[in-house]
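Every chain is named by a letter (A, B, C and D) in the order it is written, and numbering of its residues begins at 1.
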Amino acid sequence: MSRRDRIPKTRISYHTTDAIYVRGANLVDELIGKLTFTEMMYFQLLGKRPDAAQTRILDAVLVTLMEHGLTPSVIATRMIYNSCPEAVQAAVAAGLLGVGSTFIGTMEGCARLLEEILAAPEGEASRAKQVAQRHRAAKRPIPGFGHPIHKPDDPRSPRLLGLAEEAGVPGKHIRALRLLAADVDEVYGRHLTINATGAVAALLGEIGIPQEVMRGIAVVSRSAGLVGHIREEQLDPAARFIWEMTEEQVPYTDEGA
Amino acid sequence: MSRRDRIPKTRISYHTTDAIYVRGANLVDELIGKLTFTEMMYFQLLGKRPDAAQTRILDAVLVTLMEHGLTPSVIATRMIYNSCPEAVQAAVAAGLLGVGSTFIGTMEGCARLLEEILAAPEGEASRAKQVAQRHRAAKRPIPGFGHPIHKPDDPRSPRLLGLAEEAGVPGKHIRALRLLAADVDEVYGRHLTINATGAVAALLGEIGIPQEVMRGIAVVSRSAGLVGHIREEQLDPAARFIWEMTEEQVPYTDEGA
Amino acid sequence: MSRRDRIPKTRISYHTTDAIYVRGANLVDELIGKLTFTEMMYFQLLGKRPDAAQTRILDAVLVTLMEHGLTPSVIATRMIYNSCPEAVQAAVAAGLLGVGSTFIGTMEGCARLLEEILAAPEGEASRAKQVAQRHRAAKRPIPGFGHPIHKPDDPRSPRLLGLAEEAGVPGKHIRALRLLAADVDEVYGRHLTINATGAVAALLGEIGIPQEVMRGIAVVSRSAGLVGHIREEQLDPAARFIWEMTEEQVPYTDEGA
Amino acid sequence: MSRRDRIPKTRISYHTTDAIYVRGANLVDELIGKLTFTEMMYFQLLGKRPDAAQTRILDAVLVTLMEHGLTPSVIATRMIYNSCPEAVQAAVAAGLLGVGSTFIGTMEGCARLLEEILAAPEGEASRAKQVAQRHRAAKRPIPGFGHPIHKPDDPRSPRLLGLAEEAGVPGKHIRALRLLAADVDEVYGRHLTINATGAVAALLGEIGIPQEVMRGIAVVSRSAGLVGHIREEQLDPAARFIWEMTEEQVPYTDEGA
């Protein structure tokens, strides 16, 4: 795949002396003041404008993922802001680097399971059961299910799923998730909640966000949350307190690891 | 400022077994499905809900800053995605690290000038002229004015300012910017456009975003733009082409620098 | 694994009013001026001082991985430096984010194969052949072998392996790599060079660097290379040239992807 | 500065099918196994090989800056490693983003003062006194002096300065630093230690590292330190403990900030 063989193209944006175009629309005349951020994000990403239901669902997902208190990402952001207050973007970037497998990997894993179920030639119900059994047999957690704190049920999930159903999206991914949820409870012999990442995987599937870029949606939402924590760090700094507490509470030892 | 003396607190979020609270509101009952991303971002950042005008203005700013083609940030993101496709968040973070002084510093610089003008005991008009003269005398560019491509006028600025005026915000920052613009043209002896960063500085000031965290607004908007470019890189990869072109067009020499 | 149950400890460093200790040694009296960077890095990482052979091998690896011209990592670093010259650390960080699966993943993958071969109950020779056959059957590239440019042989590999053999390290990992190399050529029916990542995987195994942290060795070496490119960007800037070339050579189209 | 006008060049590296060249030297024949990491880093950065004294000093600086316990950078790295263990490079990058103004800015600030003193037409002694008086009058801390923990003296500084003097470098920067130190004590009316960043600024100046890229030296050294903490996090994880402790000890309040 040398550059001799193929010239890549961009379909996103270009500009002239007096105009900027995004996905073929004039930024000034057709987008600023006419689209919300959420509509613009969908449009820039997928090249088509979202309908009202898609916008409502994407907003719900973005609102859900923005904030969850003093998480590892937030702590990283506050540490870097404290060391380098002149570069707010670096503090945000540091926190975003934590949007990795531990939390968001489960969203992607769940999205892949839903796609597997929807594409199964033997039928969705049969594949959903097989997916649950396969994970159970391998003693692996099933992505999108269970939560360490929110028990027995993650309160975000019914809200997100209900909202999508009200909005009247096609419903395929939600159907697959509900099939899987029933099988999970039966196969595991106890109730495992659909967690927020499971519900989000279904909702993003419903509005046509490809699994390969779902993590990016979480990154955008979380970036806003991190900016809020930087603001709080400006007003009521906690970084030095966390630093001193860590030095004090994680003792040095010279015994072998 | 030792930890003994002061316990920092957080006012942003906490959670219980069955609920998550953000700024005192129940995430599931009061925020998901009720706030747009833009409203939620404002609420999480400032601790109060935006009114319709504030939301409209913040949306306009976020839409404006999202996308400007194959910029250095975008090139960095595409390079890192190519090297490390398993970590979308790292590719976004790499691009965000470019939201620094060259572009966004001018927004912050302009915001500081507007605050200086609004707070001047001798009156706004007098201080605006003095600001223009001071920069001219020092042969320094005046932040928020001029554009290398969009001449004679940056098309985004009248749109953004007009939209804010229609929305009926207080108008102080816009008034200061317009005063300054008239003086800049007179003092420099030629027309310098209010550029997008200048207009954005005024709009964010109007809706109460502190100057110290304005850069964060750009970071959030740009993060969405970078996700769109990662998606395009998945569909029509350009990174290797840019890499090979760079190796070919930036020749090696052993002559002294 | 709650904090109630287990208090983590650190074995790396502590300080008093008048001294800093690293791995039990007094930084000022026992380390500064007595250890090279490479010895200190090994000592801080593994908690024991390297012998002369280990130091020689680690130096060789670090020298090998530092620089390979205008790579994607370097381009990312130069782009971010151009946008944000006030934060050299952010430009380095942006480039380091590219030390991911595409290049360095093959080092880790090769290291895992070598460990598999060395631990095989049925004998190393038998497992080496099985590893080659397994990858061939799955039509997967075998990590640590082959190179797109350096054909038929990567010149770095014999140098690195020869140097380690001269240094007199145990030689287990090198033996496993040579076994595998012979089987690869036979099973694939053509010569595939041991590439630099393959040789590095064997050398780092020889000196006791755990596979889980091998990527970190590449990160350190590459960080130095990126600093050199930032210095060149200060003296003879290329970022704007690459940016303009990219805008010019990657055309906009409105045809569907 | 359009690309039409000027073609940038690189003087660092190029490769052919069977060789890689760095700064004109054949990597395999002339560098691997012949240079230490420290020598290679100097050579790649400045385009000339260091002599023994320069190598000794650069090693001493790199050893000094590598490790200082559970600092904010280390905490950020451990947080990101915990969230995203598949991307060691992202965890290192997150920590490096903290190599900013708070700590390293003082090194650069001190280096600029030393250059100012050395270049003063009125003589070094006169300018050194003026620098001390200027900072005192402005009630600003003087970069490179004072330390919150290491009192009355930072133990690293006499060791670093002594080692450089033994090595027989020209000594100009050290002379300027000692002049300044005497004036600081006199002008401030109490003893302020030359701290490690002050001593490092003088040593890097002595070996010809330009002030504009000094921060990069700290970045390289610190990257090694962060890799050691990732290894410890693999063996004895502390990130979750720090996270839970932070949630517990930084309480939520709904009172106004």
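Everything that follows uses one rule, which is that a residue touches a chain if its C-beta (ideal position, glycine included) is under 8 Å from a C-beta of that chain, and two chains touch if they have at least 3 such contacts.
Remember, it's a predicted structure, so these values are computed and weren't measured experimentally.
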Shortest hop count from chain B to chain C along touching chains? 1
At the chain A/chain D interface, shared numbers over all numbers used: above half (same) or below half (different)? same
Which chain pair shares more contacting C-beta pairs: C-D, or A-C? C-D
Can you report the angle of the rotation that maps chain B onto chain D, using C-alpha atoms only, to the nearest 5 degrees? 180
Using Cα averages as centroids, what's the distance between chain A and chain C in whole Å? 31
Chain A and chain D, separation of their C-alpha mean positions in angstrom: 37
Centre distance in Å when chain C and chain D are each reduced to the mean of their C-alpha atoms: 23
Would you please write down the residue numbers of chain B that are in contact with two or more other chains? 7-11, 13-14, 69-70, 84, 86-87, 89-90, 93-94, 97-100, 232, 236, 238, 241, 245, 249-250, 252, 257
Contacting residues of chain C [partner chain D, same complex]: 1-3, 6-15, 17-20, 22, 27-29, 31-33, 35-38, 40-41, 44-46, 56, 58-60, 62-64, 66-70, 87-90, 92-94, 96-100, 104, 149-151, 153, 155-156, 159-160, 163, 210, 212-213, 215-217, 219-221, 223-232, 234, 236-238, 240-241, 244-245
State the interface residues of chain A toward chain C in the complex, per the touch definition above. 7-11, 13-14, 24, 47, 84, 86-87, 89-90, 93, 97, 249-257
For a test of understanding, state which residues of chain B touch chain C in their complex under the given definition. 69-73, 75-76, 79-80, 82-87, 90-91, 93-94, 97-103, 232, 235-236, 238-239, 241-243, 245-247, 249-250, 252, 257
